[in-house]
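Should a chain be cited, it is by its letter among A, B, C, D, E and F, assigned in written order, with residues numbered from 1 in that chain.
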Amino acid sequence: MVYLTRRERFCAAHRLFVAGWNDEKNMEIFGNCSNENWHGHNYILYVTIKGEPDPVTGMIINATELKKIIRSEVIEHLDHKNLNLDVGFMQGIMPTAENLVKIIWQRLEPHAKGFTLHRVRIYETENIYADYYGE
Amino acid sequence: MVYLTRRERFCAAHRLFVAGWNDEKNMEIFGNCSNENWHGHNYILYVTIKGEPDPVTGMIINATELKKIIRSEVIEHLDHKNLNLDVGFMQGIMPTAENLVKIIWQRLEPHAKGFTLHRVRIYETENIYADYYGE
Amino acid sequence: MVYLTRRERFCAAHRLFVAGWNDEKNMEIFGNCSNENWHGHNYILYVTIKGEPDPVTGMIINATELKKIIRSEVIEHLDHKNLNLDVGFMQGIMPTAENLVKIIWQRLEPHAKGFTLHRVRIYETENIYADYYGE
Amino acid sequence: MVYLTRRERFCAAHRLFVAGWNDEKNMEIFGNCSNENWHGHNYILYVTIKGEPDPVTGMIINATELKKIIRSEVIEHLDHKNLNLDVGFMQGIMPTAENLVKIIWQRLEPHAKGFTLHRVRIYETENIYADYYGE
Amino acid sequence: MVYLTRRERFCAAHRLFVAGWNDEKNMEIFGNCSNENWHGHNYILYVTIKGEPDPVTGMIINATELKKIIRSEVIEHLDHKNLNLDVGFMQGIMPTAENLVKIIWQRLEPHAKGFTLHRVRIYETENIYADYYGE
Amino acid sequence: MVYLTRRERFCAAHRLFVAGWNDEKNMEIFGNCSNENWHGHNYILYVTIKGEPDPVTGMIINATELKKIIRSEVIEHLDHKNLNLDVGFMQGIMPTAENLVKIIWQRLEPHAKGFTLHRVRIYETENIYADYYGE
């Protein structure tokens, strides 16, 4: 069993806030991440799959195929977007790194043919990242 | 003459678009950077000063002092903000990396006491950065 | 179950040596890490916690709260210090990366309220890092 | 139980192709990685071992000893080589990242004395890496 | 005057050797870089241009346009190639980092319309890079 | 004229303080960098030379030769040392990044045969670096 990880990137705006809370409460819980006019990040996504390398090709899956899946299911929907407003599958979901890794897992998992999805990792900044293993 | 560079970071939303153009024209010129609901970046700022190290302290300027200037004049105004909407000194200025380095230079230059401002560098992504030398 | 990792940094001096050994023996085992007048590193600390994101906030724990715990329990005690001489909770402990991750785990674990401590990672240089999972 | 990871690097040429396939088929499966005159990479290798730190030295294994094993068993055979042509233990093996981690594991595992080999990781580019845990 | 830098990458094989020298002489001068079956690198290219940002768009040149020029003139010719054998404009030129930056300058300079080419930088490894300013 | 830069690293302890000042004054000026029991850094050194690539070898200078000079003149004297106590050529010099780049320039410049020394850069942390051009 070998694990293969592919890195992709997307740049997006977001805002953390609870609509039913007033500004003071949102600021208390989310700090300046609740800025009403949004802020944004260069998100870095690492997708890890696992499987047996094919005895002929030496590959678990063609890396180009994996790239296509990640781009069509995730990157094209999130890159240069507002995570709160522009993304159908993020509606009603707070766009924290913790929730992003779960949502991205759900986007990718149905496409895991010939391999198993192992981990989704998102760096929000160089100091914070989240991981999800489907557990 | 020695040069000293300090790195700081800020996360912000922005959008590139000309108000007088229609969506097609904006998309043609700015691509997905013109997404109407914004997108964002983890900007990395490098400020380089030059001067003679003090013969007693070995420092051009106290690095803590330099950090304070950069934070109070730049970072506090840009971090977790919308560069188009939230920043007084960016009003009417297209928030490209090229313009950001010029604006940040103008913010810092009046505070260059005991040293000379040499260069302002901004990374917008790992693939693009701009430099300004006050020329 | 989602995992969240926060990065922090500290700069410290240390020396690897056994007091009961002579210089030759210390040099044989620890090489130039036993230099009697110390040397030092820019240590990079990654703390990983796990838990369920709150359904309202989308966060396992407020990242600001996690930062406060790491800084008050670890960084303030180690940053710009001598790991052999200046740190109460390191007395009698060889300041290797292997021991540092165990000690930092013990410092953080009692503060794991609302989340579980999963891993402590320390980079000593770009070429060496240690991990501890509390096992 | 503590985990220790050491980074090493090697620069090598390689080519992905199946000798029994024609150029079209190789290009279809391997893309430009099948370029007949080779291409190459700056590979980055991370070797992770685990064990109990020695109560006297605070080390699982002397890091210099670990470096020697990795260099003599792996790096000296792969650095500035052609992975398809120059490496005895790679004969008949497709030099993908997936196969490299398995082969490097087999090279290192017999030398795991006083520690357990835990993981071999290879970065082929900044966007792709493979992991093997001996499973 | 503002400077804008764009990063691109290419993976290639090469070999440093003088055809008229024997193996001992080549090994003496070029070390293991003269390995007869080639080796390779993940080259990182930074192209810096300078110019005045357009008062309307805030851009020196459309970054997409710059990317297209770099890719069509440089990357498509070098990526996943053998620098000694596969590249028309490298024939008869020793593929050192020093020569690469000069050649790439010559490839890009005729396309500098609306901006001035300022610097070409190539990282061959994380420890070595070359710069050329057209001087 | 081409510029070539080589990266090297050293780990060292240091302390910023003026012997004639009391602790309050040293703390006021140098902050926790004046900790009496030292602290330390993973310093990263970039040495840039310039010259004409040799028409036969394509190299300004043999990179191995450059590495030898940097190591014998600088790294061997600073690595795993105390910059205040252990280094003959640092006696009486405050070990700031600003002074380090000047001292290292003076160490290297007499060995510039067949090339010109252009710049010495030292990263003290990921947030601070100094440059010296011999001016």
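Assume a contact is a pair of C-beta atoms (placed from the backbone, for glycine too) under 8 Å apart; a residue touches a chain by one contact, two chains touch by 3 or more.
Remember, it's a predicted structure, so these values are computed and weren't measured experimentally.
K.L.:
I want to confirm something about chain A and chain D. Since they are copies of the same sequence, is their interface symmetric in residue numbering (over half shared, so same) or not (under half, so different)?
P.N.:
Different-residue interface.
K.L.:
Look at the interfaces D-E and B-E and say which one is made up of more C-beta pairs in contact.
P.N.:
Taking the two pairs in turn, the one with more contacts turns out to be D-E.
K.L.:
Select the interface copy of A-C from among C-F, B-F or D-E: the correct pair shares over half of its contact pairs, counted by residue number.
P.N.:
Matching more than half of the contact pairs of A-C: B-F.
K.L.:
Starting from the mean Cα coordinates of chain E and chain F, work out the distance between those two points in Å.
P.N.:
About 28 Å separates the centre of chain E from that of chain F.
K.L.:
Suppose each chain is reduced to the average of its Cα coordinates; what separation in Å results between chain B and chain C?
P.N.:
Measuring from centre to centre gives 33 Å for this pair.
K.L.:
Indicate the whole-number Å distance between the mean C-alpha point of chain C and the mean C-alpha point of chain E.
P.N.:
A distance of 41 Å separates the two centres.
K.L.:
Give the residues of chain B that touch two or more other chains, as numbers and ranges in rising order.
P.N.:
31, 126
K.L.:
Pairs of chains that touch, anyone?
P.N.:
After working through each pair, the chains in contact turn out to be A-B, A-C, A-D, B-E, B-F, C-D, C-F, D-E, E-F.
K.L.:
Residue numbers of chain A touching chain B in their complex, please.
P.N.:
Its residues touching chain B are 9, 11-14, 31-33, 35, 37-42, 79-82, 85-86, 125-126.
K.L.:
If we count contacts the way the header does, which residues on chain B are in touch with chain F in the complex?
P.N.:
The touching residues are 1-8, 48, 53, 56-60, 62-64.
K.L.:
Looking at the complex, which residues from chain A come into contact with chain C?
P.N.:
Contacts found on chain A: 16, 18, 29-31, 93-99, 101-102, 126-133, 135.
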